[in-house]
Structure formats: C-alpha cells, structure tokens
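Same chain, two partners: chain A is paired with chain B first, then with chain C.
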Partner chain A sequence: METLRFTYSGGLPVGNQAAATLVGVVGSGNLEILVERQSLAGACEVEVITAAIGFGTIWQSVLDDFFARHGLADIRISINDVGATPAVVSLRLDQAIASFLAGPQ
Partner chain B sequence: MSSYYEASARERLQGVLDPASFEEIMPPGERVVSPHLRQLDTPAAFDDGIVVGFGLLSGHKVLVAAQEGGFMGGAVGEVHGAKLVGLLERARDEKPAAVLLLVESGGVRLHEANAGLIAVSEIMRAVLALRGAGVPVLVLDGGAFGCFGGMSIVAKLCDAVIISEEGRLGLSGPEVIETAGGVEEFDSRDRALVWRTVGGKHRYLLRDAMILVADRIPAFRQAAIDCLSLRPDLSLAALEAEHALLASRMERFGACKDAVDIWRHLGIADPAGLPLLEADEFIAATHDKRA
Partner chain C sequence: MTAMRNWNSQAEDKAARLTRAAPWSRGKHVLAEDTVALLEAILRPGDRVCLEGNNQKQADFLARSLAALDPEKIHDLHMVQSVLALPEHLDIFERGIASRLDFSFSGPQSLRLASLLAEGRITIGAIHTYLELFGRYFVDLTPRVSLVCAQYCDAAGNLYTGPNTEDTPTIVEATAFKRGIVIAQVNQQLETLPRVDIPADWVDFVIVSPAPHFIEPLFTRDPAQISEIQVLMAMMAIKGIYADYEVNRLNHGIGFDTAAIELLLPTFAAELGLKGKICRHWALNPHPALIPAIEAGFVDSVHSFGSELGMENYIRARPDIFFTGPDGGMRSNRALCQAAGHYACDMFIGSTLQIDLAGNSSTATLGRIAGFGGAPNMGADARGRRHASPAWLKAGREARAGRNLIPRGQKLVVQMVETFREHMQPAFVERLDAWELAESAGMELPPVMIYGEDVSHILTEEGIANLLLCRTDEEREQAIRGVAGYTAVGLGRDRLMVENLRDRGIIRRPEDLGIDKRMATRDLLAARSVKDLVRASGGLYDPPKRFRNW
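Our next item is the complex of A and B:
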C-alpha cells in the first residue's frame, strides 16, 4: 500500500453545497472518493491511499488533468483505491464533483 | 436506474426510504475505519462497508442499515459490526416503527477473524433484544453478493425476509460447500444450480423468505411498507411452531436430491419451468403451494 499527497492552488471557491460527498466503492479495480469542503487557504488537497505501489507519476497526471477541468478551492479529496485504471479514476472524480456540487440528495 | 441488484448500498437507502429523509450516523467524513486492514496493508473504506442511520418509510420513522457488497463482499469486521450493533441498541431506546437491514454480506470478515465473529454474535443478541422490546426487524435481500454465513443467521432471526429472485440466502456459500464437499456435491460455477438452491424463489417456496419481489427498488420499498404492521412474536408457541415447520421439512423433503424435486413434491405443475418465470407470474403459480 502507498499513500500519495497532492496540493493544488488557484482554484475557484465553491458555494454552500453539501459538506461532504462519497462516491464509488473500495473494490478490485474500483475506488471511493470522499469530497469535503474545508478551509485550506484556497488550496485543494488530495490524499490517495492505493493498493498498487509505484504509480505516483500516473496519479499526478490524472489529478493534474482533473484539476484543469474542475479547479476548486478549499476542497479536500480523499481516495481509497484498489487498482482502478486511470480512466476509471477520472470518471469517478468527475462523478464525485458533480455529486458534490449538486448538494444533498 | 431502479435495479436493487445493481445499486450501491447508498443508492438502495435513497430509493427505499421517503425522498431526502435519510440521515446518516457516523458518515464517511468521520473516518471511523477498520484498525485491522491497515495492519494487513489493505485499503480500508471510510464507512467500513456499512451505512447506518435513520429516515422515514411512508412517513414512519425507521432506523436503517445497508451493507455494501462491493467492499470485501459486505463482510462483517469489527467497526462494521459495531455500527450495526449500535444502531440496533439505539432502536431499543428510540422504538422506531421498524429497523430495516439491507443485507449484502458473505458473513464474518476473515481478515478480522475473532473481532468479526464476536461482532456477529453481538448483532444476533441485539436483534433478539430489539424484537423482544417489540420493534420489528425487516431484512431486504437482493444484492449481488447475497446473504451468507453469520449474516444469514442474523437474517433468519428477524421478523421477515424480503427477497428478490436474484437475492440469495444460505448458511454456507456455494464456493464454501464445493471446497468442503467436492464438486460432485455442489458445483459452485453451475449458476442455475446455485440459484435454485439458495436463490430467492426457492427461499420463498420454503418460507425462509416471507415476500418475493421483482428486482426493483420500489418493489422492495413497498414490501417493507407492507411489513410495518408486523409485530415480533417470540412466544414459546411461536418458537415451537417454527421448530415443527423445520422438522416437517426434513420429513417431507429429506429424500429430495435437488430443489426441483422439492418443487414437484409441493404439487407445482411445471417445476422445471419455475426459474424462467417473472416474479408476478411465479407468485401466481406458487403462492398456494408453499411449504
């Protein structure tokens, strides 16, 4: 298992949506993503705990790409991963943000 | 999307309860994760594979738990079990209209061995104490991973099991039986054999499940609403009746080699055709011929 941390700045603030949203499941080839609003001095912090070791540069690319699409400020993203492919991770990130911005169900 | 089988635990809760009425206890943001999995270098889930909370069912307050089969087969670890026990004990204090258990579990989480076993025994005791206090406990079983091991015992301790054809209920899972008894005893890859042995239709016919529903979330919801009027009966007479039913089952079906033999025994006209029927056709063909 490996823990990876990424920090992004320059994102746009979000409104008063849900305080937290969880999407996905911790299962083989899948991942769960928890999105929380948090005061981080405008930063977006991502923590990834993954069962697959040695894929840090690929996570960096996927998350850079994600932040270019959805640059948000004061957001904490926590991921538990069991070897999801980059495409699955990207789709889950999009789902997580869409669900978060939609607010409580 | 309204397939119960395909939905996640969280989607099922949203669909079974009244819209926007669910409130989660110990949500994922609290990060109460398994202390054991990290030691085994295995990723944990923020909710440890179970969602617990409260909401409204047709306007009545209910407490609910939903197991997520996608995380370790819904298996019961220490935190997972403690969340369920805590919910059941809370129900004893709050006396809601019912407790709904949206089960999907292979039983004890083997990674957590003794802690998981103790958790399952605590769940059993809490279910019986709650029923003894007059609160009905309803089981909804229609997930991809079924309900096996210790959780199947829990399910059978409850007031009613609502199951879909896709749902499965059994003590030992198909792979466990094959491992222990050999492939000649039970071929776990024979899907038709598995479903006619532990699947929802057979459980309904044997009265292990009270209600059979189609694989739709609204169908599960309606069946749960219909069960709100149930009152737990833990009297000696009720237990003796249950034992008599189980004894008569051995007498009637002890010589049967396959579920189809049992269905023929029940007087069903075309037993081999049962697996192909939709839920409503199936119920029409069999409701007066159950064991």
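Our next item is the complex of A and C:
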C-alpha cells in the first residue's frame, strides 16, 4: 500500500446543501471515494491510499485535471484505490462531486 | 532424344500411398486404433501436411495420432495450418516429427512456440493472415496430406461439417484437387447426413474418433464483466462513428469493448433513432452478445467465419438472419467470411494491445509469437474495392479533402482501447514491443497487426481521434497523444496543438459528442448477464457450462 497526499488552493466554496458523499466500491480495478466538507482554510485536500505502488505522477496528473474541472474549496477527498485505471478514477471523481453537490436526496 | 516427362506423377504417388494404406482400411473407413499405422503408411518424411486446427474446431484426435508417430519413420514434416491451439500441435515439433511451419495464429501456444524457435527445433516459413495462408494452399503451399475434422460421415464418406465448417472446405479443396490425400476424423457415422458439406469423392479416409472433437467457445463474452468505461466508449463509438458514417456493413473484434457496442444497440442507439440506419449487415461469428440487437430488429444478416457453442438452436430459429443449410443448421466458412469482411464491409472495429505514435498497432509481446489470424484483413483498407457506399465515400472524402487526388473511398478501421489495460499496462507506447520481438526471433519485419496508414480512428475513454483528417505526421502524432489519457504518450502531448485539433473536430471528447459521462452506467446494457442473453433469446441460447452461474 502507498499513501499519497495532494493539496490544492484557489477553489470556490460549495453551497450549504452539500453533504458527505461516498461512491464506488473497494474491489479489484475499482475504488471508493469519500467527499466531505471541512474547514481547510480554502484548501482542497486529497488523500489516496492505493494498492498500486509507484503511480504518484499519474495520480498528480489525474487530480490536477480534476481540480481544474471542479475547483472546490474546503473539501476533503479520501480515496481507497484497488488498482483502478485513471479512466475509472476520473469517472468516479466526477460522479462523486456531482452527487456531493446535489446534496442529500 | 530427351526422356518423355511423366505428367501424372502426383496421381501415381497418391495411388502408391493408398496401396500402402490398404491393409488398414475397409473402403474409406479406418478404425480409430489403426490411425497411427495408417498415418505411417501414408506419410513420407518431408511431406507438406495440413492438420486442421482452427481457432474453434480442432482435429484433436488426428493431432494426437500424428504426435504419436515414430520420428525414425516420419520426420521433417512441413506443417501448414491456420491455428496452433493444442499442445500436440507443438509436440510434433518437439518430437522431431515435423520441423517446418507456416501458420496464421498461435494464441494459446504462443509462448511455447517462441521457446521452440529459440531452441532451433522449429523453422518458421512465415506468419500469415488466414486469407494469405489459404491463398498459398492453392499456390506454393499445397498440402500433400490433410487431416481434417467433421461432425458426421456416412457410409460413402460424405462429410457433414455443420455450423463449425470453418476452414474445412478450403483445406479439402486445395488437397483433393491436387491429388493429395484427405483424412477426416468424425464424431459419428450416420446413415443419412443432415446435409453434405464435403462430398465423399474429395475424401480418402474417415475415422470415427474415440471422443467428439474439441470446440472452443471463443466468442462468448459475459455481459457481467463489461465495465462502465466500456459502456462510455461504446456510446462514443455509436454516436461519433456509427451514426456519423451510417455504418451498415461491419465486422466487430472479439473483446468486451465491442460486446458493449452490441449490447447498446437496442438501448442507446435505438434512443438515438438509429434502428434501420446502422449495423444491418455483419461479417461476424454468432456472438451471443448480438442476440438483443437481433431481437430488437437492428440486424438484417450475419455471415460467420465459424460458429459459437450454444448458439445452434437460436440460429436455427432465425434463418432470415443467418446462413443456414436445407437442414436448418448454420454453415460457416472462414475463407469466404474473411473475403466478405475485407471487401464487403465498411468498417472494422476492434481492440489491440499496443499503439504507437504513428497509429501502428500490435498484439505482439516479447517471448510470444502469437501471429495474426484474420485481423489484418479485416483491419485494412481494401485497395481492390470498387463499389461505393455512404460510409466508404465519406471516409474517402475526409482522407482526400484538399489534396489533388482522384476520388475514392476508404474503409473505416477503428482501434478501440482503454488507455491503460489491466495492471496499468499502457496501450500507447513510443515503440511497439513488436520491434524487440522481431529482433529476438530473427523476423524480417516487426509483426504489426494493423498498420497506422490503414487506421481511420482511435477511440479511448478520453475521446475519438479521427486520423483521416490529419494532414501531417505531426498532427497525427498529436491526435493520438490527445486521446492517450494519462499514459506517458498522453502526458507528452502539446496541449495547444491538441486543443487546436479539438477545435477542428479531429479530436472529439464525450462532451463534444453530447455524451454525459455520468450516463455511462451498466444500466444501458441490453443484457447484463449471460442469463439475460438466454432470456433475450427466448430460451434458445444454451450457453456452455462455464458461462452458467445459476
């Protein structure tokens, strides 16, 4: 296992309706993503625990693009990865943010 | 005075061999236990032998018998066969019974083939496509003896090859009409055959094998294993290529990517109003995944290279769609379906293992000699094609726009890959492993499955690159990098140039196609399990045991 941490700043705050959201599953080739509001002085913090070691630069690129797409502040994202491809990671992140912003159903 | 040439030496040679075989046969019939003796009576060292090994049906009993010959008596055979699938296919080289090989595909035996080559126990003449090898059966690789496989024979020696006819007619024709010897293993002798696929006077010996021949269900894809990314890619294929080019005549590869497309026809494509406008005629094995599209009325016809286990009754019940005989059962034919796929289809779409910066693609990996099969003939522009269709004309226009060239069409050849395969193996590379394989195996050329010049589109989860519209090598390279995701090749893109290519429609992202990525869920699949496929067939599809989990 490898733990990777990324911090982004300059994002926009999210509305009040957003509630902690969990998407995905912990299964081979897949991942689980938890999105939570937290006071982080405007930062967006991402913690990745991954079974695949040595892909830090790819995670950096995937998350850079993710932040460029959504740019959120005061958000903590926790990822449990079991060898998902970047395509799956991006799709799950977009799904997670979409349901997070939609708020409790 | 010069001696008169004997113009009939092949027939005399055949007669002499048949005389030697006489003690082991009663008419054309030979007992299974006499097979080794029969082969030793008929074969001579150095003979060119075709052992029927297709990618599905295997003359497995004859393969075992051939591998049991005494190499003191029979050695240095030259094997000409389309597929090396069984261990016995290589045992005959290991035992010194054969020494030379011309073939097309060796998927299951590719590792062992490479090591036998490295040990110098096998000499490879060439690796072919199916059509190329079949062509050579009639030119310079005509078999002296062919060992083929049929389902049934009758007393006269007529053969019924049934749904899995595959290569048999081609092999038998090349052999019988050049006075070679044809030996067939059959599962059973019947009083009356359902139909005659091979007439008795083209067959010299028939042997009822101790067990039915092996058939591999190679084309069954369990919908349960299709991922959301594959659904997304299938949506892009349908909207960005099938609909845009009005693709009506096509061939699909064997993988889950294209199975996802088949399963999206009755749902996503139908919602787009594409029924009757795309995917009407197929050169395709009877894929179980196509059942929902057939049932939804998308499909007018399917001609097949081979059959697929479990599809027999479904095919019988849908004679308007499939090519079936007067007995009601399907007849496949690999050579004719390959010709159909090459000349009569407007599109090939399939997956691959590696794509380089010029769009060349290869399934070769170091230490394995897997060969080509039919993909290069499906995935190549048919330079001899002369008839027009909307898809072919549009592709030709795009490739030729702004160039001072006489108008002509072009085949759509689509490579559909996820940017990373399992275990984070990148599908995009600077240099194909094929180069290294060629060097280590002493090949004259790197084994390229589909040449970049024939590829029209590359489709990944990131988007579609239309290579027809690229005008320079640099544009082409950036178009490929622009859909290569987070692979090193993708990360090495020139972002400005890729954005420019996107503005010009050379690269199209899901959002450019009006596809919402979040809609890409398995709910879009018309069948989500093998059981769903059985249900869609009205209970006619009878999947092999390994695909049943209920």
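In this section, the second predicted complex is superposed on the first by the 104 of 105 C-alpha atoms of A that agree within 3 Å, B and C clash if a C-alpha of one lies under 4 Å from a C-alpha of the other, contacts with A are read in each partner's own complex, and residues count from 1 in each chain.
We adopt the following convention: a residue touches a chain if its C-beta (ideal position, glycine included) is under 8 Å from a C-beta of that chain, and two chains touch if they have at least 3 such contacts.
Owing to the predicted nature of the structure, the values given are computational and were not obtained by experimental measurement.
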First (chain B), second (chain C), both or neither touched by A:102: neither
More chain A residues in contact [chain B versus chain C]: B
Touched partner set for A:86, first chain B, second chain C, both or neither: second
First (chain B), second (chain C), both or neither touched by A:62: second
Touching partner for A:50 - first (chain B), second (chain C), both, neither: first
Contacts of A:12 with chain B and chain C, given as first, second, both or neither: neither
Touching partner for A:27 - first (chain B), second (chain C), both, neither: first
Chain A residues touching chain C - in the complex, by the definition given at the top: 29, 52, 55, 58, 61-62, 83, 85-88, 91, 94-95, 98
Touch list for chain C against partner chain A, complex: 227-229, 232, 418-420, 422-424, 460-462, 485-486, 491, 517-518, 520
Touching residues (chain side chain B, partner chain A) in the complex: 8, 10, 14, 20, 22, 27-29, 38, 41-47, 49, 68, 70-72
Partner chain B, residues of chain A touching it in the complex: 1, 19-20, 22, 25-27, 30, 32, 34, 36, 49-51, 78, 80-82, 104-105
